[in-house]
Amino acid sequence: MSESAVLLIDCPDQKGLVASVSGTLYRFGANITHADQHQDHDEGLFFMRVEWLLEGFDLEGFRAAFREEAKRFRMRWRLHRSADRPRVALFVSQHLHCLADLLHRNQMGELKCSVPLVVSNHRDGESLARFYGVEFRYMPVDPENRAAAEAEQLALLEEAKIDLVVLARYMQILSPEFVARYPLGIINVHHSFLPAFVGARPYHAAFRRGVKLIGATSHYVTEALDDGPIIEQDVARISHRDQVPDLIARGRDLERVVLSRAVAWHLDRRILCYGNKTVIFD
Amino acid sequence: MSESAVLLIDCPDQKGLVASVSGTLYRFGANITHADQHQDHDEGLFFMRVEWLLEGFDLEGFRAAFREEAKRFRMRWRLHRSADRPRVALFVSQHLHCLADLLHRNQMGELKCSVPLVVSNHRDGESLARFYGVEFRYMPVDPENRAAAEAEQLALLEEAKIDLVVLARYMQILSPEFVARYPLGIINVHHSFLPAFVGARPYHAAFRRGVKLIGATSHYVTEALDDGPIIEQDVARISHRDQVPDLIARGRDLERVVLSRAVAWHLDRRILCYGNKTVIFD
Amino acid sequence: MSESAVLLIDCPDQKGLVASVSGTLYRFGANITHADQHQDHDEGLFFMRVEWLLEGFDLEGFRAAFREEAKRFRMRWRLHRSADRPRVALFVSQHLHCLADLLHRNQMGELKCSVPLVVSNHRDGESLARFYGVEFRYMPVDPENRAAAEAEQLALLEEAKIDLVVLARYMQILSPEFVARYPLGIINVHHSFLPAFVGARPYHAAFRRGVKLIGATSHYVTEALDDGPIIEQDVARISHRDQVPDLIARGRDLERVVLSRAVAWHLDRRILCYGNKTVIFD
Amino acid sequence: MSESAVLLIDCPDQKGLVASVSGTLYRFGANITHADQHQDHDEGLFFMRVEWLLEGFDLEGFRAAFREEAKRFRMRWRLHRSADRPRVALFVSQHLHCLADLLHRNQMGELKCSVPLVVSNHRDGESLARFYGVEFRYMPVDPENRAAAEAEQLALLEEAKIDLVVLARYMQILSPEFVARYPLGIINVHHSFLPAFVGARPYHAAFRRGVKLIGATSHYVTEALDDGPIIEQDVARISHRDQVPDLIARGRDLERVVLSRAVAWHLDRRILCYGNKTVIFD
């Protein structure tokens, strides 16, 4: 595929926004391949994503011209080049199904990123990471050493120039300080249909409540536990026959799918957050 | 269809249960059409449902013989004849989609019951009830008169020999005293994926939380609000484009399906409750 | 809701399309409430739907100005006012679940249309139609009289100024001549997941094949049986326990949902057809 | 988990079957952990699966006693020990997502089998197989050498004492002679919702037809292409925005889930075939 640019915009809704953006792109001769927009009428907000081919396109000229337009409409905007692939670190525990899934997808070219680093508080994922050519760092975490461990992790992330942290069933709660270093830069998968069953052991809680569907949720991590903007959710039907181990097994398939979609969409710059919600552009 | 009998059993799990039940049925020459069982290994419980044809079957002889077996295994059991159709009262508000759906299904023969009564605190459902030949009782309820209104409702239910009360989007909370009169005899539909969004205005709460799926739940009513044994749940995918009215519209389709399944299964004697859970026999 | 206009466009893809449309709308001061577009890269086609408020908008001025733009880009386009509600005729057999569903939805305001006419080759739907205040015409059809019956039906449709014919489980095949009179103006629901199980008795065929999911499909009617552009599909899980009558019962819930969505989207001018496919705008 | 036995039965339906089976098990003191049965009323057939703990159980005594009962009722039956883990060979092409998924699941203990062998007509899967400690055999197949290649494959399977062949996106059609050697012993995943889109390039065909859902199907391989007994199916929603590569990507997630379920159920001895259908016991 040839290289492309993605422009993401959010701002107060007003007349002339699309005319302005599309007019500027037209003046620079952009060959648009995707465009999607969204209006939140209650909040009076406008969101837009445009993607176009970069071949023969004067990106820096456009950037300068668009900066003026953006000022006029008080837009917040980001301009990405598809060639700038985010660098992703995967954090895991001894539960390896999401790790195996993401590494395989990345190798197959499904994810537009590079994965230089796997961090874990267990050694179980080491051989898998190495098989896919990814550095594996074993960093045990316990209540006493959490602050020190997080400091070490942050140093490692900085050194590896990580853009996105994916908690692929990491099972540890990150401190607010850690989270604050990666605003909308940490994606977690929670093994329930949020906001039901926040916190630990959600499959056990689901079993006790006698629900007929179990779920999984991928979301950006914020300070509040399991409360960040939801990116994707899915559910699977269960019955009275399913015991907790059955729920856990069914859930693994949900977690894989829900997390990998969130990561892929993030990498495709298809997500905009506002308030505690996400816009997922087509 | 020819008449049949349904035997429902629950008891502590132990060896020989199926041999005893199937042996007794065989001695009486039962022509079994459906049989299903379930074991809860954690709780050490056994559940069974058997259905057989009544033509030429000595039901009273079987009942006497089985009573002895049941005593031996400390079974709780119920024996139903398909000819004994439960009498159902539908409670509604001004939201009529579940009422219209249940009345149409009943007329088409999908539900094994008779529906002699619709009770509502609004007049909107009156013509619909009358069209389907069902008596409609308008009984306004407000905080001051709730006790008196419930007393009147209970008298009405008793007079009409009602076996099952279906809250088809009734939107009123019943008192513990009312609920206690119909143990496992009141089915409600809640317009969320329980236990998420308990209480009033769940679609508004779902919208604020930014979930990617909305749900509906049918359950038996117990004293605790929205906390009774869940019978059925389903979900529908939504996106950032859907506003609250869209959620409400999508939700109506879920509510119809989830409630009508619960009612049909209850009438088919396919549900056993234990603890706060349901076994739904095939 | 206040009145709005909907503009639907399809044309060869080229640079400047969005800039042209949005620029013209901006010049006329349009307050845009929804906009969605689609590009088919393989076919080199562009599709767009824009909706804006009509209050204080010079629609005729815009129409004249846009006509010039459209010519320049060789657009095919349609401009609708939300106040112009299509007139819908429902064709049914003795299977009434879709009829009951559509009439109830229409009464509740879910469908932006008027329904002046129900046509059936059975008398079963008569009381239901009359309850909802709709004229019912009983028109028996058999192989010998089909041509005469269709002529009579077409006269009736013309007299009632019908814009859309909905085959709500009509179970009769329309002649190519009839279909040609309502291009993309007849919506059918087929009780299978097309293209599987084309033709008669699809639930029986699904049962014989031993599928694990059954489906329903709503589509525009074209000359080729069950081969028109698909609007919506959905499926439900079944198991080896489900016999043909179970499939039929489960299928009714699918048919209702799949047909009512198609009708609602058509009435919202959210569907564009090209080749044998549909674009469903958000 | 402690060791268990599984008894699978199918025979003409008649009175006393359950009484006989459960009575015999009771006489031998079986501690039953799961039991499920099914009747096909149209065909007059009965199916049963019982699982019980082997600790302290006289399996050979039971086998002898049950043989007599089975003769009396003309039962076809199979008795498995959970300790006898089937040996599975995976056949793959250059599409490795199902291979990666099955090997990971097997390593995690989700599949009750051993996997001694991967066979492929491409070299792509070699490192993955070796990482999981499985022998990889590269065996190119082309129209001229197919008979010879199959003979070599069959010799390899025999040597490795393979019980089950899983075509994990193998993309080659097996000859009737090959298939005849493993009756109900070859599981394939087809990347469509069968019986729609039989044969090659089903995602391209689905795209052309404009369907709104895509599917995947796992089934036993029989002589007729894509026509064997269906084990599991699932679907995913697509839209007009999805091009063929999107369908292929979405489909991979379906294929993984649908194939892994089929393999797990087969290994749990939960599947009985009759005619061209499967009974999947709970």
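By letter and in written order, the chains are A, B, C and D; residue numbering begins at 1 in each of them.
Keep this in mind: contacts are C-beta pairs under 8 Å (C-beta built on N, C-alpha and C of every residue); 3 or more make two chains touch, one makes a residue touch a chain.
None of these values were measured; they are calculated from a predicted model.
Of all chains, the one whose Cα centroid sits at the greatest distance from that of chain D is C.
The two sequence copies chain A and chain D touch through a face in which the numbers common to both exceed half of the numbers used overall. Chain B and chain C carry the same sequence, and matching their CA atoms takes a turn of 180 degrees, rounded to a multiple of 5.
Put simply, the C-alpha centre of chain A and that of chain C have 37 angstrom between them.
Chain A and chain B have Cα centroids lying 41 Å from one another.
Among the residues of chain C, those touching two or more other chains are numbered 41, 239, 241, 282. Chain D meets chain A in the complex at residues 96-97, 100, 104, 108, 110, 127, 131, 239, 241, 249, 253, 257, 282. The part of chain D that touches chain C in the complex is made up of residues 38, 41-42, 193-197, 208-213, 215, 229-235, 239-241, 243, 275-280.
If you check the complex, the residues on chain B that touch chain D are 15-16, 18-19, 22-23, 25-26, 29-37, 39, 41, 237, 282.
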